[in-house]
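Both complexes shown next keep subunit A, but they swap its partner, so subunit B is in the first and subunit C is in the second.
And then the complex of A and B:
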């Protein structure tokens, strides 16, 4: 029914072993090149190279074909449209651009695990760490992964309930309960995070420690601050009750 | 804690759950409307995030959804995944989603500060009106991107008939077929967002405005929320 298996398969091809930043630079470079260059020979060469790179990562056949099918349809329509207008070189150039970049992007997707890609993105976000500490990004990513099946479950349950009442064609009977249940779930999750002190002190922990209060002005804290605990990915099943 | 408010637990949970909702909305089978018209929920979920969360949290939720998709989770429309979607001809729509989230979130926060969201009847109309801003926001980025990647012109120029090549443009291919569905989704999202703001006041803006507005109406807020 709902498949969350991406394109990635653990293998030992050269592209699997290449570092993520190299692959992203390659994608950026090839994208700029294909857009800047409109020479037919170069276009065919780059397209062939990208398709070979995609093949070299030994991707799962069915999922790859599904991923490429959309692009190939678009490229075919574009080609037909340009041929119709009589612009043969431009047709080749545009179709080549579309297919080569899609093939390269699929090659990267099929050779990079999600963890590696998320690590790379977290590294890219390092300059933002005063606003967005890396731990917070980690917490948000793992909570999102946890809430995808939860949101899908809420939506599915709302549809089953609507069908039981004979309202399965009534969009309001599905969307109103599922949306408000989703917000309620989020607020409960927020309370659970707050109770555990997760991500509450993301910035405070990085900041310089507060100077000790002096004199009679010092006000003793009424309540102890919640304990700072390490964010454990995959932990939020405790907080969904 | 005031300066950490943007990252407090509640915000983080809302961001993560709405990113999960956007992702899940592409995974569940589409809803069949009366007449057998299928309705996918992705645009609905994006518009709803903007209207419910406010600018920054909605931007974070949409960005988180996009990042997970780029990292390889098959959560884009039609089960697509990875960077190929961004670099493809429809990648502009994804960037447009981020713009739409910010625009809608900022406008919805302004409505909340003005106390409009606490008034029944007005709230839904105002939220639908704000939600309509999402169409230009998404298409403003998506259509030129589509035109650029497929070599079409943006607007049909000198169009004379169905067989005229000049009629094929990014607007006729990428906007007009989806316009009615998008309008339906925006209206639904506005109605749902109004319900959510009634059930959970204080999600946006200050709770004081909510209380003040509801006191003006001399109406029990809890009764209104559950009515």
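And then the complex of A and C:
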């Protein structure tokens, strides 16, 4: 799942240009239809359409295949179970449902920027403004997504550290440092949000923008170009360094 | 102008003093803060944008009390952390800088254009759409700085911004901070960088033990550290 979070690439495909509300409605509509309809022809048709939609967003191949592989394995296991029970139509229906919903979700992930998603969630959460500012709800969703790869990184580092100490079979040596570091990361993130003045109990929304400095007061251009970074394995953007 | 008026901080549970009552007026454009680990220098820096609030006394930025006008103070004072990973929230650089701009620019397209301009200015335009996880430590720190500068603060407080960076990025980020036409307060272990400031504060055991000429401050700090090391070795 982790790799999927970096799927978005700015492009000019129809799905990229479609508004977020339309994409979410499409996901909802297709999900309901796939669950409600068990006709094999319709299932095959919807699955093919969803896969085509995913391909139309030109997502990064490796990450997409990695994400889909997991779903395909689950679908294959479910299909095998249904085949073993002799329910051939149900087997096709379940596999189709899983693959089509996953493909469509991936298509939306790869064609929607987090900023656009944040705006959508903020708008959607407006009726809840008496409970929590919509901006805060949007930031909460972003933070949740941001925290997943970070938590995975912390867990990996804890596992490596435990192995280095010869404690790779000791669950406590992995879980305790992971838990404490995750809490530490959450605290740091909270401080960073506070320092950046993001989601400050709705007061931010009422803030009067300060005009950007003009003329002689404008921020002078800074240094020409930063150092060229070293190659990072697996970084698809390395060539632009 | 930043004014500390008998500002003191204590640990919330134990009541142990973290920063003794401190009175300072900071007007210089380049101020460095040096001191040992755990001496209270980060607490001193965090008081400036209200990340830490004084238990007694007050801290004011241009007459705004950090306790009463926290949000306004944070619009004036940008804060750069040691570890940029904790400061970056959105998946890509341009989105992260745009997040900082949400409170001032409501239109998404305009916001993204402004974010792109901020990245271009700092030399990260080519990495605008790259995942923050794929950036090097130096690039992440630059991105965090771009997020801070995009909000046009009047003061930047940088808490050991180069500690996690290699030599070339340390030089680059250091030079970048020095080139900013803003008041920059840098907490640092890099004594060369500290010595380039106009004024240096030495913090030790929760007190500002020296406030003045950077070169003299570095000498005092060295004496403090080596004196303590010698005491430790002979004890």
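Side notes on the structure shown:
The rule we apply is simple: the second predicted complex is superposed on the first by the 128 of 241 C-alpha atoms of A that agree within 3 Å, B and C clash if a C-alpha of one lies under 4 Å from a C-alpha of the other, contacts with A are read in each partner's own complex, and residues count from 1 in each chain.
Here is the rule we go by: contacts are C-beta pairs under 8 Å (C-beta built on N, C-alpha and C of every residue); 3 or more make two chains touch, one makes a residue touch a chain.
Every value quoted in this text rests on a predicted model; they were computed, and no experiment measured them.
After overlaying the two complexes on the shared chain, residue contacts for A:44 are found with neither subunit B nor subunit C. Of the two partner chains, subunit C is the only one that A:135 touches; subunit B does not reach it. By the touch criterion stated above, A:9 is placed in contact with subunit C alone, subunit B being left untouched. When the two structures are aligned on the shared chain, A:167 is found in touch with neither subunit B nor subunit C.
Of the two partners subunit B and subunit C, more subunit A residues are in touch with B. In the superposed model, A:58 lies in contact with neither subunit B nor subunit C. Once the two complexes are laid over each other on the shared chain, residue contacts for A:182 go to subunit B alone; subunit C is not touched. In the superposed model, A:106 makes contact with subunit B only, not with subunit C. When both complexes are overlaid on chain A, the residue A:26 reaches neither subunit B nor subunit C. Contacts of A:72 after superposition on the shared chain: neither subunit B nor subunit C is touched. When the two complexes are laid over each other on chain A, subunit A has residues 5-6, 8, 113-114, 118, 139, 143, 145-146, 149-150, 185, 189, 191-194, 198, 200, 203-204 in contact with both subunit B and subunit C. Of all the residues in subunit B, the ones that touch subunit A in their complex are 1, 3-4, 6-21, 23-25, 27-28, 31-34, 39, 41, 44, 48, 52, 60, 64-65, 67-68, 70-75, 78-84, 86-89, 149-152, 165, 168, 188, 191-192, 195-196, 199-200, 203. Partner subunit C is touched in their complex by these residues of subunit A: 5-6, 8-10, 113-116, 118-119, 135, 139, 142-143, 145-146, 149-150, 185, 188-189, 191-198, 200, 203-205, 207, 209-210, 212-213, 219-227, 229-230, 232, 235-237, 240-241. The part of subunit A that touches subunit B in the complex is made up of residues 2-8, 27, 31, 66-67, 70-71, 74, 77-78, 81-82, 84-85, 87, 90-91, 94, 97-98, 101-102, 105-106, 108-109, 112-114, 117-118, 121, 131-132, 136, 139-141, 143-152, 155-156, 159, 168-169, 171-172, 174-176, 179-180, 182-187, 189-194, 198-204.
Interface residues of subunit C facing subunit A in the complex, by the touch rule stated above, are 49, 51, 70-71, 74-75, 78-79, 81, 83, 85-92, 95, 98-100, 102-105, 108, 111-112, 121-124, 126-127, 129-131, 133-136, 138-139, 142, 147-149, 151-152, 168-169, 172, 175-176, 179-181.
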